[in-house]
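You will see two complexes here that share chain A, one where it goes with chain B and one where it goes with chain C.
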Partner chain A sequence: MTEMRTMNLAALHNKLLRSSGILFFLLLWETASRFTWVDAYFLPPCSTVAAEIVRLFGDGSLVSNLAISSVRALGGLLLALIIGLPLGFLFGRRLVIVGEILDPLLRIASQVNPFLVLMASTLILGFGESAKFFVIAWVSLWPVLFYTTTAFHTVDPYQIKIARSLAVSETELLAKVLIPSALPTIFTGIRISAGITFFILVAVEMLNATSGLGWLEHNSAMNFEIPTMYAAATVIVVLGFLLNRFLLSLENALFSWNASSSTVTRSAVREEPKPVWRPNRGAAMTAAAALALVFCAGGYELRKVNAERSRELAGPDLGKHARHLGSEVRK
Partner chain B sequence: MTVIDPTPRARTSDVKITLRGIGKVFPLNKTPGAAPREFVALSEINLDIRRGEFLAIVGPSGSGKSTLLDILAGLAPINSGEALIDGRALSGPDLDRGIVLQGDSLFPWRTVRKNIEFGLEVKKTPKQERRGVVDRYLRLVGLTEFDNHFPHELSGGMKQRVALARALAYDPEILLMDEPFAAVDALTRETLQNELLSIWEATGKTIVFVTHSIEEAIYLSDRVAVLTSNPGTISHIIDVNLPRPRNSGDLRSSPEFGRIRHTLWQLLQGREGRA
Partner chain C sequence: MSTIPAAATPSKALVSLARCALLLLFLAGWEILPRLGVIPSTTFPPLSTVLATVVDNREFGRHAVTSTARAFGGLAAAIAVGLPLGLLLGGWFPGTRQALEPLMEMFGQANPVILSHIVVLFIGIGTKTQLFIIAWLSIWPIAFSTISGVRSVNPQLLKAAGSFGLGRWKLFTAVVLPSAAPAIITGLRLAAGYSFIMLIAAELMGATTGLGYVMATSAETADMKSLAAAALTVTALGVATDALLKLAGRRVVTWGYQGVTG
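And now, the complex of A and B:
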């Protein structure tokens, strides 16, 4: 009993210690602004920013822009997966020579600055959503493609040999050996892609959009709605962090059998086997439903906002446009 | 490949595997224009392996031990000669042979139970039947309590036990083992050797066991085939007339064991002429 209490206290202590950096930062932010060590107009105290987040959440603009951003990110990532996964399998196992021949080209392509891609795709595809999808898909394609290629290329030859010695069919080999063996590495690629997607999404929305979290941040900055700008920025940072955390823990739960994985903590001796979470039908359905909901809600918002914006753009006074959009967020 | 005139010995029921004039070459360079060169891995391999026999193959690195085992597993096509199992031409991998490889060839995403079950899945054994079979082989290798563990949670010796159980579970008639105990410590290795012997005695499998350890070959087998390199060919086959069961007493220190060990050592050094 006392032992358990000591353990809980130790855990709590550890938690407090680990979050003390964050608390200190927030405190510094608040005081620096309150005591006007910096200009409070350009750096409002974090309590003001927190209140602004609550207000934005209350008037629906945060949810609306979040849904729009999610649709763009997920759509782009999905496109990257649809192209990257089969191509990675081909380059890793079936058409290895082709993969090797194309490798320099692909490496150079992956190094092309996304902003250059954005410029080009805007010129070719216009200011609509397809240019944004294209850039996001372009950027998130590379980790998925390279990690998938490596994953399939480096499947343990002994494991393949064991399966082949049992005269398995090609389909069985794929389903029972190649895919399970490649999955952890592929998932790491997807996690990295998701992170990059989030970065580039915000950038794309800042430069080239009339909706989304990046736009919310950029537009409020342009209109000197400073608390809104910080609120949007905070939401973006926290979301990016949570997304990464979520994918990491999902990776740990799914692939805890993979002792060589760097993200999996391992102990030398373990009395009880660590459970490997096998997603059951319920979990898969929930995930699919959540994704579908995000797509529907985000798609609806996106259409609505784009329609509104085009009506406004058709109006005579384009000069008022930016200010008008700003005040709309304020409402 | 049809067998027109099988040798009389191949017809007799006590021969399980027959190798006649087996040759295997690997192309070395495929540069267009350059003269094609090839590496002769195996040449003129002649070997009869009896049903239920424990045959060891020893030889230096690069003598083609593993290639020979790959041929027996049906994983490497031969360039000349013929390979027969039960008098029928060996045409590819099949469930009548099980392989155990050196090092860690377990499927890390599968638990011990699911690893052992692998062959049964491929064999399309019904699910409820599989459970009992796996339980039996878990008991046989003494890993009943570890059935839900993942390979990374096991010691080297335990992993090799699982690999052995995985190869035995779908009940092949022949076990092909490629230096299975090379990566475990000396004490564990002796334990595993004794376990393998008692499993062999209980199941009556035909075992072909590739090793680079002379002692291991003598301790386990009925006969030892000596492979020499460049090109890989069987230079001698030595009978091991040591009493069984071999785990009673310190067999390794007996004079007969020492005599065979010395003979094999000389053969592998290429000094048989001076002995």
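And now, the complex of A and C:
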């Protein structure tokens, strides 16, 4: 009993310690602004920003833009997976020599600056959604491709040999040996891609869009709605953080049996004890359904908002400048 | 393990020959296809025209030098802050590390474009802002890799060195640093890649010099020659820096894990 209590206390202490940095930062932010150590106009206190987040949530613009951003992120990532996974399998197992020959070229391609890809695709594909999907897919393709190639290339040869000596068919070998042993590394690649996707998505929306979270931030910055700007920025940063944390713990939960995955992905974050929850088929189905729902709802929202914005652009007196679209005048 | 190849591995010489051939083919295609009109030369100017823009235009050279200086300046600042931070948090202050890690992770999530909107409010538009953005986003990979490098030092090595009577400083330079070096190099390579990405982002957001500025203006005037020249230069700079760091890493670290993307 006492042992339990000390364990709980230790866990609580650990939690408190881990959140103390962020709490201290928020406190500093609040006081710095309240006592005007910095100009409160340029740095509104974090309570004001929190109230602004609540307001944006209340009037629906946060949810709408979040849905739109999710569609772009999911669509781009899906495109990257559709291209990267089969190609990685080919380069890792079937056409190893082709993969090796293409490797330097692919490495260079992966190092092309994402902002450059963004500009080039805007020039060639225009300001539509296809340019955005293209940039996001391009940037998130490389981790998926490289990690998948490595994953399939480094499957334990003994396991393959044993499977072969048991006369399993090629499809069975793929389903029972190759994919399970490659999956942890592939997932790491997908996690890295998802992080990059989120990062580039926001940049794309800021420089070249009239909707989405990035646009919300950029638009309010251009209109000097500083609390809104901080609110959108906070939402973006926190979402990115949560996404990263979620994928890391998912990886831990899915592949805690795999010792090698932790050496590949060793990071400063990995410290939590093994989670009790184990994802099963039901959880996977639910997650897939939820993603599909977000995709459909967001796609609908995206079409609606894009149509609205193009009407505004066509109107005689509204929105002379694309950056001022959709922001109401506040008194 | 060595008796069974991981997968069919072709001979080394053949592969490097084919790699060179493919690169040459790519460059030749870039030169010839626009000239033949297979792909429109107004959108994709041939390689020689792009290279001529890089070499002949003195203005362009100045922009390239400015950009390189900014990227390296930001990277240097990031190393100056991130490396000691990582060493201190990883080695000496575990409590502080636990408290700061989530906050540092959040800081690392700040997008260059978000950051520029906020930084501009306080220090205005200029080289200082660009350096700050580059440095800010490159600090975190360095700090996190250093922390994990220092923390994964084999404790038995530390004990052995301690029982040989090594002092704190000697322990640090002879055991901790060499053990952490592979992770630190990985972090540096990540940060160097970041610094070039952020450089362009920062210069696009508001600059009157540099390759990002060249890109922005040439995109506005649809001057594809200058755009391609700037693109080629930035990519070459990024690839060269990464290759240099990789080489340096090989010289400094002769063992240890180099990472999947190695």
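In the analysis below, the second predicted complex is superposed on the first by the 299 of 331 C-alpha atoms of A that agree within 3 Å, B and C clash if a C-alpha of one lies under 4 Å from a C-alpha of the other, contacts with A are read in each partner's own complex, and residues count from 1 in each chain.
In the analysis below, a residue touches a chain if its C-beta (ideal position, glycine included) is under 8 Å from a C-beta of that chain, and two chains touch if they have at least 3 such contacts.
For clarity, every value in this text was computed on a predicted model and none was experimentally measured.
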Overlay on chain A: chain C relative to chain B, clash or fit: fit
Degrees between the directions from chain A toward chain B and toward chain C, using C-alpha centres, nearest 10: 80
Which of chain B and chain C A:S181 touches, first, second, both or neither: first
Superposed model, chain A: greater residue contact from chain B or chain C: C
Partner chain in contact with A:G282 - chain B first, chain C second, else both or neither: neither
Contacts of A:K161 with chain B and chain C, given as first, second, both or neither: both
Chain B versus chain C as contact partner of A:E172, first or second or both or neither: first
Touching partner for A:Y147 - first (chain B), second (chain C), both, neither: second
Superposition-derived minimum Cα distance between chain C and chain B (Å): 8
Contact residues common to both interfaces of chain A (with chain B and with chain C): 158, 161, 266
Footprint of chain B on chain A - complex, ascending: 156, 158-159, 161-168, 172, 176-177, 180-181, 183, 255-259, 266, 270, 273-274, 276
Touching residues on chain A, where the partner in the complex is chain C: 14, 17-22, 24-25, 38, 42-43, 92-93, 96-97, 100-105, 107-108, 111-116, 119-120, 122-124, 143, 146-147, 150, 153-155, 157-158, 161, 185, 188, 199, 202-203, 206-207, 214, 217-218, 221, 226, 229-230, 233, 236-238, 240-241, 244, 263-264, 266-269
Complex contacts: residues of chain B adjacent to chain A: 73-75, 92-95, 97-99, 101, 103-105, 107-111, 118-119, 121-123, 148-153, 166, 170, 176
Of all residues in chain C, those that touch chain A in their complex: 1, 4-10, 15, 18-19, 22-23, 26, 43, 95, 98-106, 109-114, 117-118, 121-122, 144, 147-148, 151-152, 193, 196-197, 200-201, 204, 212, 215-216, 219, 222, 224, 227, 231, 234-235, 238-239, 242, 257, 260-261
